[in-house]
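Each of the next two complexes has chain A plus one more chain, namely chain B in the first and chain C in the second.
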Partner chain A sequence: MGEKKLSWSDVNIGDEAPVTSHKLTRTDLVKYAGASGDFNPMHHDEVAAQAAGQPSVFGHGMFSMGLLASALTDFVGVGNVTRYQVRFARQTWPDEVLSSKIVITGKREEGGQQLVDLSVTLSNGDGEDKLIGEATAAVPG
Partner chain B sequence: MADGAASQEDVLKGIIGQPTGKAKVMVERGPVTHFADAVLSTSPIYRNPNAAKAAGFDAIPAPLTWPFAMEFAGKWEEIQPADAPTGSPLMAAMGPLMAKGGLILHGEQEFIYHRPVQVGDVLVSEGKITDAYQKESKGKTMTFIVSETNWSDDKTGEPVVTARFNLIHRS
Partner chain C sequence: MTEHFEELAPFPDHSAALEGLVGLSSGEPLLSPHAVNAPMISHWIEAMGDENPVYVSDVAARRYGFDQVIAPPTMLQAWIMRGLRASLLVDEARAAGTAQGSGPIDTVMGLLDAEGLTSVVATNCEQQYGRSLVIGDRLLVSTVIEAVSVTKHTALGTGRFLTTRLDFTAVPDGDVPENPTPAEIAALSEDGESVATMHFRILKYLPSARAAAPAESEARVGADAMRPLRPRPSVTQDNAFWFEGAREHTLLIQRCTSCGTLRHPPLPACGNCRSLDWDTVTASGRGTLYSFVVVHYPKVPSFDYPLPIGLVELEEGTRVVANIEGVEPGDLVVGLALEAHFVDFDDELSLPVFGPVGGTR
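Take a look at the complex of A and B:
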């Protein structure tokens, strides 16, 4: 079970996924709030966020993790990820361009499965990391 | 002050191993596809059962971070386990800290997938606190609480996904 994207004989350590970039909007945050049920006003209510000393609303950490997950599954195929972990390094802000960087760091066979390890990061246009993490995916076939 | 610090340490040690809750969720097509839209995935596999079947799935699978959100849409009141614990050890530890101010931060998140979550699944969870500690950093007190939630298939009992949630209070 899993979408076939990578081919075991062709994947190599150091291979990188195509970079995906997205300019964060307030609408993204409202949509994510509605889909996830996270209605912390810091993520959708500009007045409340500024009253709390923030320059504006800021992104849900889990929106960023979800955005990076979309880039990850585009690369390794839906249904193949066996582990996905991130550290939330910095807040994200509307109008920042968030770009993914996904690199294969390992290739191994374990318990009859062909696996690749990956480093995954999401950063803004100034190169500030927002999410730093790692993942493992099975490569079918 | 020293006494206060010691008792906080005892509170943290005391919550390690305590249950954080039990839940049962239904995984439905509408909320899953809506969630895929919200994390800006364009894959047809999250939208169309024929695309999902062509990729080898029995039904539409859920995006990777869905387990963090699925209680919102799928935790129907009438199917919840009667023995679900009330109150949360996480709030017991964080509540008094939050009352004094400071910031709550989501520090880290991890998912281990035993199989993909799919539309039609009925999943049950059991959670517990796996670690709790405090440390000083740059003049701030950082309190870390880690919880682990294990989701399994309600019908077969097979493990589906393990979620690790790392919460930080900084003051």
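Take a look at the complex of A and C:
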């Protein structure tokens, strides 16, 4: 079960998903805090963030993970991702443009399922990686 | 194996107690406050800017083979968040020293706080999905402490990594009684369908005097205001390009334009063909540890100790001397795969620093 986006015969190692980009705003962080229930003040309270030694509020790691997940599901189709893991390499800051990079790194059949492995990265305009991770997705037959 | 670092000397070492808690479950499973529902999904996808109709329209969902609208996969954690009011109560209790909870997670967090590791940052998250969540699923989650690391030096400060595993099960919302007892919640969790697993890793740490991740150069410069600047490199007309490259966060290698030989450190002439003509190539930043020293003494105030200094062989073939971060000095071995990032030490000086490939900095 899942959205059919990729075709098994056409999928090749090295294939890249279309890049998606998003400019992070403080309003995003407020909206995400409400949607996720994560009200850590480091993400919405500029005064508290600066008192803690941060230059400003910064993005929720899980928000970045979600942004990258949208790029991933757009590429492999919803309902197909079986595993998704990321390392939170660096913080994200308001006004940064966050862009996805998703590359197919493996193609295999396992337990009767057709699977692709992918490397997933979210980075800013200077090429600094914010999230570095991997995912596995089923390719519906 | 656990080294007791100097900066942690004022605090007790709870290694043994922490080890005893690994593998324990957090006790009672937690029941999500709300079943998977359309309004919460709607808020989430608006925050994400995700316009896939499968999250809002049953018709679209059926086109993809689902019976009805599904929830975005990474929304997993949102279903079990306790919410603003309850979070504030927990914070107040913690501040008042009457922190709730006698579960192993609370115990671990308490022990880590007592060790001086009071700051926290998330470092890794892995989610595995059994099936998509649909409207009407009520989630239950059990948390297990998977690992507590030995104390390590990181770019943020000295700390321990704590890995927890969250096992998610789902039951139909209609099966959940009003105000269920802990026994009823445990029974629901037993009967539930396993739908997802999440591993979450955090770093609990004592912020270093030079607290900041590589990305936060502004914060780092601010925190560094109290300590003397690093000694200035000896910049000449031959090597100035290299330090200018470093300020642009680019790792350059000098290349002879006559014979193509790469060289470092910068020199006026090619050692191979004696040509004075050269340009530069940008290094990938990847390399391996060729040799290293760990400096303990004498201590210069502008550096942190122990201070690992590596001779890193770049994949292009030249070698460069640089600080190593993110690896416990005892874990340094020749041949270790490393990658460069740049650190802005002050307004004038930026240098490459090497850390483990894919490792946490």
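The definition used in the following text is that the second predicted complex is superposed on the first by the 141 of 141 C-alpha atoms of A that agree within 3 Å, B and C clash if a C-alpha of one lies under 4 Å from a C-alpha of the other, contacts with A are read in each partner's own complex, and residues count from 1 in each chain.
Following the convention adopted for this analysis, contacts are C-beta pairs under 8 Å (C-beta built on N, C-alpha and C of every residue); 3 or more make two chains touch, one makes a residue touch a chain.
Please read all numbers here as calculations on a predicted model, not as lab measurements.
Enquirer: Aligned on chain A, chain B and chain C: do they clash or fit?
Expert: Partners clash after overlay.
Enquirer: When the two structures are overlaid on chain A, which partner does A:E128 contact: first (chain B), second (chain C), both, or neither?
Expert: So A:E128 only meets chain C here.
Enquirer: Now for A:R90: first (chain B), second (chain C), both, or neither, which partner does it touch?
Expert: Second partner only.
Enquirer: Mind working out whether A:T73 is in touch with chain B, chain C, both or neither, as first, second, both or neither?
Expert: In the superposed model, A:T73 contacts both chain B and chain C.
Enquirer: Who does A:P55 touch here: chain B (first), chain C (second), both, or neither?
Expert: second
Enquirer: After superposition on the shared chain, which partner residues are touched by A:K31: those of chain B (first), chain C (second), both, or neither?
Expert: A:K31 sits against chain B and chain C alike.
Enquirer: Please work out whether A:I13 is in contact with chain B alone, chain C alone, both, or neither, and reply first, second, both or neither.
Expert: It touches nothing on chain B or chain C.
Enquirer: Who wins on chain A residues touched, chain B or chain C?
Expert: After superposition, C is the partner touching more of chain A.
Enquirer: After overlaying the two complexes on chain A, where does the chain B footprint on chain A coincide with the chain C footprint?
Expert: 1-4, 22, 28, 31-32, 34-38, 61-63, 65-67, 69-70, 73-74, 77-79, 81-88
Enquirer: Given the complex with chain C, which residues does chain A contribute to the contact?
Expert: Touching chain C: residues 1-4, 22, 28, 31-32, 34-39, 53-55, 61-63, 65-67, 69-70, 73-74, 77-79, 81-91, 126, 128, 132, 140 of chain A.
Enquirer: Considering only the defined contacts, which chain C positions touch chain A in the complex?
Expert: Residue positions touching the partner: 40, 43-44, 46-50, 52, 54-55, 64-66, 70, 72-75, 77-78, 81-84, 87, 121-129, 131-132, 199, 207, 211-216, 218-219, 222-223, 249, 358, 360-361.
Enquirer: Using the touch definition up top, name the residues of chain A that touch chain B in the complex.
Expert: Result: residues 1-4, 22, 28, 31-32, 34-38, 61-63, 65-67, 69-70, 72-74, 77-79, 81-88 of chain A touch chain B.
Enquirer: In the complex, go through chain B and note every residue touching chain A.
Expert: My answer: residues 31, 34-35, 37-41, 43, 45-46, 55-58, 61, 63-65, 68-69, 71-73, 105-113, 115-116, 164.
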